[in-house]
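Look at the two complexes coming up: chain A is in both, with chain B in one and chain C in the other.
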Partner chain A sequence: MKRPIVLLLAAVVLLPLLVRPAIATEIWIFAIFGLGLNLLLGYTGMLSFGQSTFFGSAAYVSGWLLKHYAINVFLALGIGVGVGAASAALVGYLCVQRSGLYFIMLTFALNQLFYFTAYQWTSVTGGEDGMPGIPRPALAGIDFTDPLVYYCFVAALFLVALWIMRRIVESPLGRILQAIRENAVRAEAVGYDVPRFKLLAFVIGGAFSGLAGVLYAMLFGIVPLEAIGFVFSGNVLFATLIGGSGSLYGPVIGSFVFIWLSESVSTLWARWPLLLGVAFVIVVLFLRGGVVEAWSRFWTWRSSKPKA
Partner chain B sequence: MAILETQSLTKAFGALTAVNSVSLAVEAGTLHSIIGPNGAGKTTLFNLLTGTFPPSSGRILYDGRDITGTPASRVAHLGLARSYQRTSVFPAFSLYDNVWTAAFATGANWGGLLWRPAGRYPEVDERARQALADVGLSARSGQPAREISHGEQRQLELAIALAAAPRVLLLDEPAAGLSPEETRSMVALVRALKGRYTIVLIEHKMDIIMSVSDRISVMHFGSLIAEGTPAEIQGNPEVRRAYLGGMAA
Partner chain C sequence: MLYALMGLGLSLITGILNIPNFAHGALFAVGAYLLASAAVAIGNFWIALLVAPLGVALLGLVIEYAGIRRLYAAGHDYQLLFTFGLALILSEAIILIWGPVGYSYLPPQALRGGLDLGFTFYPKYRLFVMVMAGLLVLATWLFLEKTRYGAIMRAGIENKEMVSLLGIDIHKMFTVAFALGAYLAGIAGALTVPIRGVNPGMGVDMLGIAFVVVALGGLGNLLGAIAAGLLIGVAQALVAGYWTEASTVVIYAVMAAVLLVRPQGLFGIR
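And then the complex of A and B:
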C-alpha cells in the first residue's frame, strides 16, 4: 500500500498468468492512454471528451506506415507520439480559448470531425471496416508476434510512460497545471500564461494517447473505426474517473477495472455496461477520488480502529 | 520619480464608465492609497493596472515604459503584484505550495520546467519561505489553504503577492472582513512592508488609511476628485461631501 510501485510490478508479472496476454496487454495500453487524459482532467481540470482523436490519428498514421512500409517498431511509436502531440496541438489550440461547457463541446465536436474524416476516407482508413493487416515487425531478432513477448514490450513501455508522467507531475509544470485547476485567475495573475500551459498539457496528453494508439493497432493488427470514435473517448474518461482522477495511479487502476470488466464480464453478461454505470454513479456521488480514494479511506478507517 | 503612472485612463462597460479619465502618479517607495465609496471604480482601476482587461482609452506607464494592454500574466513579470479583495488562493494547495507557485512564476530560471523536481529550485524555495515568514505564516506552511481561518487566508493572499518579489504591490482591501484585532496586525504588516516596496493600497477603513499613507487619491463615480497628503484630504470639503453624500444616498 505504501509502495504502489511494488504492487504495480507484481501486477505486471502476474497479469499474463491470470488473463489472456491480449487482455493483459490491452490493460497497460489503456493505462498509457489514461495517463495522458489524467494530465488534462485530473491535474489541469480540463474535461476533454476527444482523446480518441489523438489515439486514433496516431494509430492510423503509424498503422499505415507499418502496413505499407514495414517501418521499424520504434520509428512507428515515435511517429505515433509525434502525430498524437501534433493533433493535440491543433485541437488544443482551438479548445483552450474557451472553458467550461464550451470547452467540452469543442473537444467533442473536433473529435467528430476526425471521426467522420476517417469514416469517409475509405481508401486509406478502410472506413467502417477499419484498417486491417497491421504487422508487428521483428526487431533485432525479437519476434513481437509472440503474444507474451509483445506483452513484455508493452508493459515495459507502460512503466517508462508512468515514470515520465511521474516526473512531469512532480515538476514545476505539474504544480502550475494544478494551480490552474485550483484557480486559473490567480494563476494568470501571478504570471502564468494559462492558455499556453493548457495547450502544453494537451500536447503532452496527446503524445501519450498517440503512443497508446500505435500499441493498440499493433496489438490487434487492425485500427477499427471505433479507435477514433467518441465512445472510445468516453471509455478512457470513464476508466480514469473510476480509478481516480488527479492521482498518478488512478487511471492505471481504472484501466485495470475497465478492461477487465469489459473483457471478462462481457462474456458472461451482455448487459455489463450497467455495472459500469453503477460504478460511475457511485464515484460521482460518493467517491470523487475514485478507487484510489476508496483505498486510502479504507486504510485510514482500518488504522483508526482500536486494535483487538 | 513616478514608478507607476496612468494618463487619462478610462474603462467603460457598456453605458457604465467605471473608470473615467484617471491620471495618477505613484512615486517610487511611497504608500499611495486610493479611497472612495463603494462602486467608485477602485478595483476596476487595479484590474486595468494589472492587465486583467485592457482600458477603453488612456495609457499606463510603468517605470517610464508604456504597458497599456499588456496581459496579466506578463504584467506579473514586470514587477507588479496584486492581492485580491475577495481571497483568491489555491485552495487544495498547502500554504507553501501557494507561495511557491507565485515565486516560481517570476523566478530567474524556468530550466527543467517539465523535468526537474519542483523541490529542487533553491532560489524559489527561499523566496517562498521568506514570503510566508513576512506575513507570519511559517508555522502553517504544510496546511492546505482551504483549512485555515479567514484572517490567515488574508495573510496568505498578501504572501502570494510578496512571493513574486515585486517592485510595486497593489493591495486591494487587505483588511476586508477582518476582526478589529486582525485588522491591527494587518496594518502593522502593511506598515512593515512600507519602504521595501512601492505600495498602492485600496482601503475603506479611514483610520488605516490616515495612519499609513504618504499620499491619498480619492475616487468618486469613476473619477479622481482629490489627491494629497492625509492631512490635506481630511480637510478637503469635496471629499467630505462625496463620502457623506455617498453614504446618505
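And then the complex of A and C:
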C-alpha cells in the first residue's frame, strides 16, 4: 500500500532531472486529466470520448480571464474547475440517459459542438491560431515563470488531486459507482438513482479535466484549438487504457508512456500522428490490458525461455 | 441526403457489428480522394464513380478481416481506440499521398450548369447527387427489407446469438456489413467531390455528422437515418443562409435540442 506512494514521490523528484521541466510538467497535467477520465471509464464504466470538451472549455475561460483581467492563479484554477464541472453537467445531462454505443457517440458529438463553437468564435478563441498570451502571474512573491517552480506547483497539485481521487473512489460514493459499473440494473434495483450518480461522476471527472486544462494553458501560454478537439479526447483515453483503467495509478503510468511516446515521435517526423495511430492499433491488437500486463507477460516469456 | 447515406453506412456498421466506428469519416475521405485520383487518371468521371467506392469497400474488407475481427470480444474502449488509431493512420496517409492542401474537381460536362425549375435555379450536379443518394438509400432499404440476406442482417442487429445458433456464419455477415457500410461511406465521399472538392479535414467533419445522424435516428434504423439526415441537412441549409459561421455548430445544436425533448432519439423506443 505504501510502495506506490514512495515510488510516486521519487518520480516527482527525479522527473525534472531526466527530462525538460516543460515535459515533466505536461506529464503530471495529463495525469490529472487521466484521473478524471478514469473515474468515468474505470470506476463507473462510462466510456466518454469527449473529455477535451471540459479540458478545453476551462482552458479558454480561465485563459481569457487571466489574459484580460489578470486574475489570481488560484482564482483561475477555481474557475477552471468550475467551468469543467459546469460543462460536464450540461453534456452529462444529455448523455447519461443513454448507455453503451449511444453514450460514446453523444459525448463525441457534443465534443464536436464545443470544438466548432471555439473554431468559429475567433474574436475570443482565436479560432485555428489558438488563444495566445496567457500569463503565469506570480503568487505571494513566488515567480511561476520559472519552469522549475511551475513544475513543483503542478506536481503538488497533482498529488492533491490524486489524494482527492483516492478519497472519492474509496468512499461510499466510489463503491456505488463501482456497483453501477458491475451491474447497473442491480444497482438501480437496490435503490440507487443510477443516472444521478452517473451524472455526479461525470461532473467530478469534468472538474479534474478543467483543472488540467487551466494548468495546460498556463504551461504553454496558449490555448491551442486542439485542446478542445476530439484527438485530445482520444489521447487521454489511450493514456488511461495503456496504463490500465480501473486502477488508481493506471492513468499516471499511462500519461508517462503517452507523453514520452508523443514527444519522441513528434521530433522524428512531421506526420507523427500516423505513428501514434500505429501505436494505438498495435496496443489494441497485441497489448490489451496495458503496460502492467505487458510487463508481467514479458517476464513469463523470459522465464519460460530455455536457458542457453 | 448525403448525410443520410453516411449515417446509414455507419448505422449498419455500429448496429450489426456493435462497435463504435471512428474510422467512418476517414473512409469517406478515402472515397473522395480515390474518386479525384481515378477521375484524373482514367479521364472518366463515371468509371471513377464506380471504382472508387469499391476500393473503399475493399479497404473496409481488409480492416474488418485483419483487425476488427479480433476485437469483438474486447470492450468498446479498445474497439474505439482501434478505429480511432485507424482514422489517424488513414488521414495522415491521405496527407502523405495527396498533400496537405485540398483541391477542387469539376463535375462531368453533362452535369455542369444549372437547371431552371421554374421557381428556383438549381445546379444540375446537386440534383444528380440527390437522385443518386436517394437511389442508394432505396437500394439499401430493398436489400435489407426484401432479400433473404438483408433479413438475416436485420436479425443480427436484434439478436446476434440467436442468428449464429441458427447456423448462419455470423463472422461472414460482419465482414459483409462492414464492407457495405464502407462502400456507402466511400460513395458518399466520391459524390461530394465535385461539390466541395477534397481536403484532409473532410473526414473528421463528416464523422461528427454521421454520429449525429445515428444518435438521432437509432442504430440500424434505416428510416431514422434518413429522417435525421434530412433534418440536419435542412437545418444546416436554413442557418447557412442567414448566419454562415454557425452552420456547422447548428448540426450539433439541433441534436442537443432533439435529445432534450426526446432522450431516446427520433424513433427510439428506449
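As a convention for this text, the second predicted complex is superposed on the first by the 266 of 308 C-alpha atoms of A that agree within 3 Å, B and C clash if a C-alpha of one lies under 4 Å from a C-alpha of the other, contacts with A are read in each partner's own complex, and residues count from 1 in each chain.
Simple rule for what comes next: a residue touches a chain if its C-beta (ideal position, glycine included) is under 8 Å from a C-beta of that chain, and two chains touch if they have at least 3 such contacts.
Remember, it's a predicted structure, so these values are computed and weren't measured experimentally.
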By the touch definition at the top of the document, which applies to A:V190: first (chain B), second (chain C), both, or neither?
first
Thinking of the overlay built on chain A, is A:C152 touched by chain B (first), by chain C (second), by both, or by neither?
neither
After the superposition on A, what does A:Q112 contact: first (chain B), second (chain C), both or neither?
second
Between chain B (first) and chain C (second), which does A:F49 come into contact with in this model arrangement: first, second, both, or neither?
second
Of the two partners chain B and chain C, indicate the one touching more residues belonging to chain A.
C
For A:L241 in the superposed arrangement: first (chain B), second (chain C), both or neither?
second
With both complexes overlaid on chain A, does A:L41 touch chain B (first), chain C (second), both or neither?
second
Mind listing the chain C positions that touch chain A in their complex?
14, 18-20, 22, 67, 70-71, 74-82, 84-89, 91-93, 95-96, 204, 208, 211-212, 214-215, 219, 245-246, 248-249, 252-253, 255-256, 259-260, 263-265
Which chain A residues qualify as touching chain C in the complex?
41, 47, 49, 94, 97-98, 100-102, 104-106, 108-110, 112-113, 116-117, 119-120, 230-231, 234, 237-238, 241, 245, 271, 273-274, 276-281, 283-285, 288
The residues of chain A that touch chain B in their complex are 167-168, 170-176, 178-179, 182-183, 185-194, 204
In the complex, chain B residues that touch chain A
50, 52, 71-74, 76-77, 81-82, 84, 88-93, 97, 100-102, 104-106, 110, 112-118, 121, 160, 164
